[in-house]
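Working notes for the structure below.
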Amino acid sequence: MNGAPLIDWDWITRNLDDPIGTRLLEHLYLSFAPLLLGLLLALPLGIACARWRPLYPPVFTGVNVLYAIPSIALFFLLLPYTGFSAWTAIIPLGLYTLAILVPNVVSGLAQVPDHVRQAAVAMGFGPLRRLIQVELPVALPVIVAGLRIAAVATISMVSVASLVGIGGLGQLILTEGFRRQFPTPIVVGIVLSVALAFVVDGLLVLAQRALTPWTRDRDPVARARPRTVGAAKGGNA
Amino acid sequence: MNVLLWVTDWLSAPEQWSGTAGIPARFAEHLGYSGLALLLSALIAVPIGLLTGHTGRGGFLAASLANVARALPTIGVLMLVVLAAGIGLVPVMAALVALAVPPILVNTYEGVRGVDPQVRDAARGMGMRGREVLLRVELPVALPLILVGLRTAAIQVVSTATIAAYVGIGGLGRFIVDGQARRQFEMVAGGALLVVVMALLVAALFYLLRRFLVAPGLRRSPGS
Amino acid sequence: MITFEGVTKRYPDGTVAVDELSLELPTGQTTVFVGPSGSGKTTSLRMINRMVEPTSGRIAIDGQDVRDRDPAVLRRSIGYVIQQAGLFPHRTVLDNIATVPLLLGWTRRRARDRARELMEVVGLAPEQAKRYPHQLSGGQQQRVGVARALAADPPVLLMDEPFSAVDPVVRTGLQDELLRLQQELRKTIVFVTHDIDEAVRIGDAVAVFRAGGTLAQFSTPERLLAEPADEFVEEFVGYDRGVRRLSFFPASDLALRGDTVLAAETPSSEASAIARAQGEPWLLAVDAAHRPIGWARALDLDRAAPGSTLGDLATVGYGHVFRVGTDSLRAALDAAVLSPAGRAVGVDEDGKVVGVVAQAELGDALWAVGTDETPPAGAVRP
Amino acid sequence: GGGSDPYAEEEGGSASGAPSGAVVVGSADFPESTLLGNIYAQALEAEGVTVETRFNIGSREVYYDQIEAGNLTVFPEYNGAILFHLDPDAESADTEATNTALRERLPEGLEILDSSPAQNKDSLTVTRETAERENLRTISDLDAVAGDLVLGGPPEFETRTQGVVGLREEYGLEFADFRSLDVSLVPQALSDGDVQIANLFTTDPAIATNDFVVLEDDRDLFGSQNVTPLVRGDALDDTARAALNAVSAELTTETLTELNRRVSVDHEDPDAVAADWLASVGLA
Amino acid sequence: MITFEGVTKRYPDGTVAVDELSLELPTGQTTVFVGPSGSGKTTSLRMINRMVEPTSGRIAIDGQDVRDRDPAVLRRSIGYVIQQAGLFPHRTVLDNIATVPLLLGWTRRRARDRARELMEVVGLAPEQAKRYPHQLSGGQQQRVGVARALAADPPVLLMDEPFSAVDPVVRTGLQDELLRLQQELRKTIVFVTHDIDEAVRIGDAVAVFRAGGTLAQFSTPERLLAEPADEFVEEFVGYDRGVRRLSFFPASDLALRGDTVLAAETPSSEASAIARAQGEPWLLAVDAAHRPIGWARALDLDRAAPGSTLGDLATVGYGHVFRVGTDSLRAALDAAVLSPAGRAVGVDEDGKVVGVVAQAELGDALWAVGTDETPPAGAVRP
């Protein structure tokens, strides 16, 4: 620190493209892939839990235990198997999103009003068609709400993976900043990570609005706030 | 499977169970840091959540700030504060509090906001003053959700307090970080297991808290 | 015709929801299931489209056992309307209505055309096609629900308390609408309600269920009011059933007298003479278009200034009127009770006075109701 | 600056051997390694070699495999460190002996080029105040006071032979406690008094900035740690070898310490510092 | 007495919810505010306990301006009951009821004793004391709400659609309960509803609000039905108001004839003679306790086998009866319409026959209602 200013603008301009830009893109990729993985796992899992209720408590406990494993530990433990590939970050982060996404999928489906479901059955929808054409679309706002929380949480957690050398903006924070006792890259890393979280969150809101036109002008207040379900809150570990 | 075997070996080695670097000491340290961080966070977030929820004012601001806090990369915060304040408890607390405040704040706020307006109205209509409405009606009714927020925060804090090891203070993170540096994976896995155990204990604690603190009339409301 | 033959439904938890039910619901008619909560109405209804499978017994539509049909296919041929309408929140009004046609493989264009057609049938404005359910009032939602059930023109319509979530005024409107529709469409409708008024209004036949899932009575609405099968039914149809029953007797059978109805310009003296001649204490003044102006008391006519007309004295108002062609005895009674003259004024469709009902005549009609076992054919609806 | 996205092309993997065309220079995720990587890359480029860079790759466990697999062809290394990585029980000695031992153990395809005189060794370091108060100059001088001092260092120092274990066995030292810290926190912990003696790297600029005293390793516990290029032999032609050997010849511990200072204290960019230095010694 | 003097409420968004309202709500009486949704009923009610502050005008209780009182203290002296009861979900039934006494600083023991007492008053079983609100039915919840409002024995009770969330049967029960309570307690009650039937049933006086927050009519329920002030009110009180209005006229004024009521053992021949003498085609057979058995037709008596009794022939049933002391003309009419004889049977409290109403007599009473401007004092409740 040595009394140097917190932000060295010069450094920022010099390194805007690389490493700042490259790390940002890397960060984006490292956040997006776990979300996709999480969603691909959470949808079938959540659907199964919604359909066979007794399945839910063990699954819920399972995903929460996973969630409680410190991410550093998971990164380290995966290292011997996945090595220096992005999977080392993607697998743990993807598993973490389950703790948020599964309860949201379940509660989204549970929230489909019974009369809507009944009406679908009565009109002659088969189970699969009902799921795809009625239940999932109606559950979509809740699922997207979960996705928003998971996205923010994942974006903030990716940085931890820098401790095993795969951390997107975390690399900026760790190797450019911390190891050189240089605050500027740390601040830049934090700010960009937060900004990325906000942009992605905003994009998800827009996506949800586009995908669920029927929720518009319903309750502006409720829409502004992400929904909270069970232990599903963002954060990094 | 042999990983499991190593872990049990590591866990059952007698030297792990004594001394300042033993499991009990590390466990206690970890619990201490987590408890302190949770306490600080609760002291910050619960009153703000109650007030903003009660008045309905400033709620948007509080929620937005909580959202920013949620997006903060913990290790960034940790490392920045280390550069500013040196190693020790301060950076750890800063990082953990930034992590724990959002869920507590948001749940407290939502809990109070979510009190049936009819109930709030009835309370006022019976001649309760603002403070009485808050303490006698809104707080107890919001309690299940507040506890959910605290539990979420507590589990995250327990799992994240491992970063304390990075800045030279103890806790279960020591096992994970040291194990990695020394390529002793049973130590990493053992440390992680201990963290999970603590998280489960915390979950159990909150289950008990819910049983004893929440009025039976509310037990069906949101929560576990 | 839908036939229940000794149908029993026992739920896995042991509840016997329906117990040995045997019933025949005639084709093209509305049968109403009514009864207290938990008496098995919904269960019985849902066994028809196999949303619930009977434990024993047999249900057949036009002789064919429903169990011989693929449930999904069966259901597409049966319209279903429920309380909250069960609309799909994520689809527009138009797409909600087009659901079953699309399931049946119609082209999108044809399904939508059909949906637009049905919107008109159930009285929804075309500009609501693009709305989402939550943007509609409760009554409009129910209309969409009915339209959706009708979309594939199913011969059978199941309606489970379809109107119970809307307020009484809208509800009456929806009932009228349904009656009008049924007049045209002649579907086989099974309608569940726990409102006896609605049952009596809507049903060609009413099945009263009692707790335990057995049938307490199955008869026409009129007969239900006249002769409750037992104390349970009597209590269920409620006090007031006497007056309510009057709804089934048309006012058109009342003899109306025109001789006490005079133009308003009739000089007082002349009117007075007529009143005396008829022995009637009240005369009704009407305008040139034969619309009622008000009642005048014969006594006052005697004392009237010379040169005054009947109209000058007819200030008392005429109370309510009843429509001779369409109203029931109940409306006539109401009109009489509210009339200052104690006499009901009958008007035609255009509001022109047809005549006045003498008290004795109305009384006779009323007291005859108790003895008269069957209402005349073509009885008006309540 | 660092390299491009390090795992963009990973998946396909060219594990079969040397990458076609370009020489790939890597570096570990600490500033000195990145600096050296930059120096190598620029020196090669100055000789017309096509170079790709993959800097800031995690720990040795991670990048060593990548070199073996052929995804990286040139890596700045320390001869003692690779030796211990390959054989934890190896004896450390002077530069020549270490290199000889190392060459025996390197797998097929890997080789080391000339070691530079620049060494980045482990050390035991104390503040000037402690050194003067306790009259410390060599590690052996700690004999009397070790029991009162808390030793700080990276976690692995506690269990290594070239660490706490060797200090006990070779020097007979038992410290009051060992505190494991992230490498970059060690100098700060020492100057803040959180630890009284620390395991620092000899090229750490913090030693000079804080006026720390490095205790002499009088029993040669830490062996030699000469900066040495670890390369895949089949990927380099003579021009490239010559360029890297020229760098090794010019690099001394003092230079390296000074260059480190510019990167970590003055926060100059490593590539600029590298270019600067290469120009000053006439290698670019 | 609660007085509104030129009270106006304009909400911040510009909505005028109440416009220059002036009203006097007499002490010890129930005044009902009725009107369409959004007509300012709730707003008016809530200005009384200062949950809403008027924009202009003055509200006083017994002459004292409510604005001169501390809101919290004022509210503790006014009971307040709302739609879903607004019970505290985290407190037991007992503690819910004890809330205001505790706020007033009573000891816990005294507050709970009072709460237990009130549970009995509103008809809640003592074993429900420890239950939580969600464990109660809607009707029970409302009872708790009423008990809670009564706990500190406030002279004024504000009730905002307290019964609108429960089903019609329970609702009628709660209304009865309230009427019974009020008979005893004589509170000053302000009751909001948008159900005109409820208003007419509950209210000593009814204030009809119209959209825009003005008063359309303020009068007794009977007068409201008899003379709606304008078309809006007329439409609002609905069709049927004629028959409904009969509820306000006691049946006790009807002349009953006992001469056609005979013991069942009366020999047919004797009965036949009596019928002929009275010129009545129907005779009522009663048992030894003077309870009705059924009607017998004079015609049949003539043809009866010798030695048979009236009771042998009285098989037609007696239809409904009405209670002479407490029922209204409406019940008498109902009984007559349902009777196979077209005649209503009046009984006393014990179910003993007092007499039979001749058709002409009932008709006269009915037709007179239209002209009779004020119902007799002590009119029975609907």
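Lettered A, B, C, D and E in written order, each chain numbered from 1.
The rule we apply is simple: contacts are C-beta pairs under 8 Å (C-beta built on N, C-alpha and C of every residue); 3 or more make two chains touch, one makes a residue touch a chain.
Computed from a prediction, not measured in an experiment: that's the story for all the values here.
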Shared interface partners, meaning chains that touch chain A and chain D: B
Relative to chain B, chain with the most remote C-alpha centre: C
Most widely separated chain from chain A, with each centre as the mean of CA atoms: E
Top chain pair, ranked by number of contacting C-beta pairs: A-B
Whole-Å gap separating chain B and chain D, where each centre is the average of the chain's CA atoms: 40
Centre-to-centre distance between chain C and chain B (centres being mean Cα positions), rounded to whole Å: 62
Centre-to-centre distance between chain E and chain C (centres being mean Cα positions), rounded to whole Å: 27
Distance between chain centroids, defined by C-alpha means - chain D, chain E (Å): 95
Residues of chain B whose C-beta touches two or more other chains: 82, 166, 177, 180
Touching two or more other chains - residue numbers and ranges from chain E: none
Sites on chain A at which at least two other chains make contact: 174, 178, 181
Inter-chain touch pairs (all): A-B, A-C, A-D, B-D, B-E, C-E
Chain C - residues contacting chain A, complex: 49, 51, 71-76, 78, 80, 82-91, 99-100, 103, 132-135, 148, 158
Complex interface listing, chain B residues touching chain D: 20, 82, 86-88, 165-168, 174, 177-178, 180-183
Chain E-touching residues of chain B, taken from the complex the two chains share: 116, 118-119, 121-129, 132, 137, 140-141, 143, 214-218, 220-221
Chain A residues touching chain B - in the complex, by the definition given at the top: 1, 64-65, 67-74, 76-77, 80, 152-153, 155-160, 162-163, 169-170, 173-174, 177-178, 181, 183, 186-187, 189-190, 193-194, 197-198, 201, 224-225, 228, 230-237
Complex contact set, residues of chain A against chain C: 113, 115-116, 118-126, 134, 137-138, 140, 212-214, 217-218
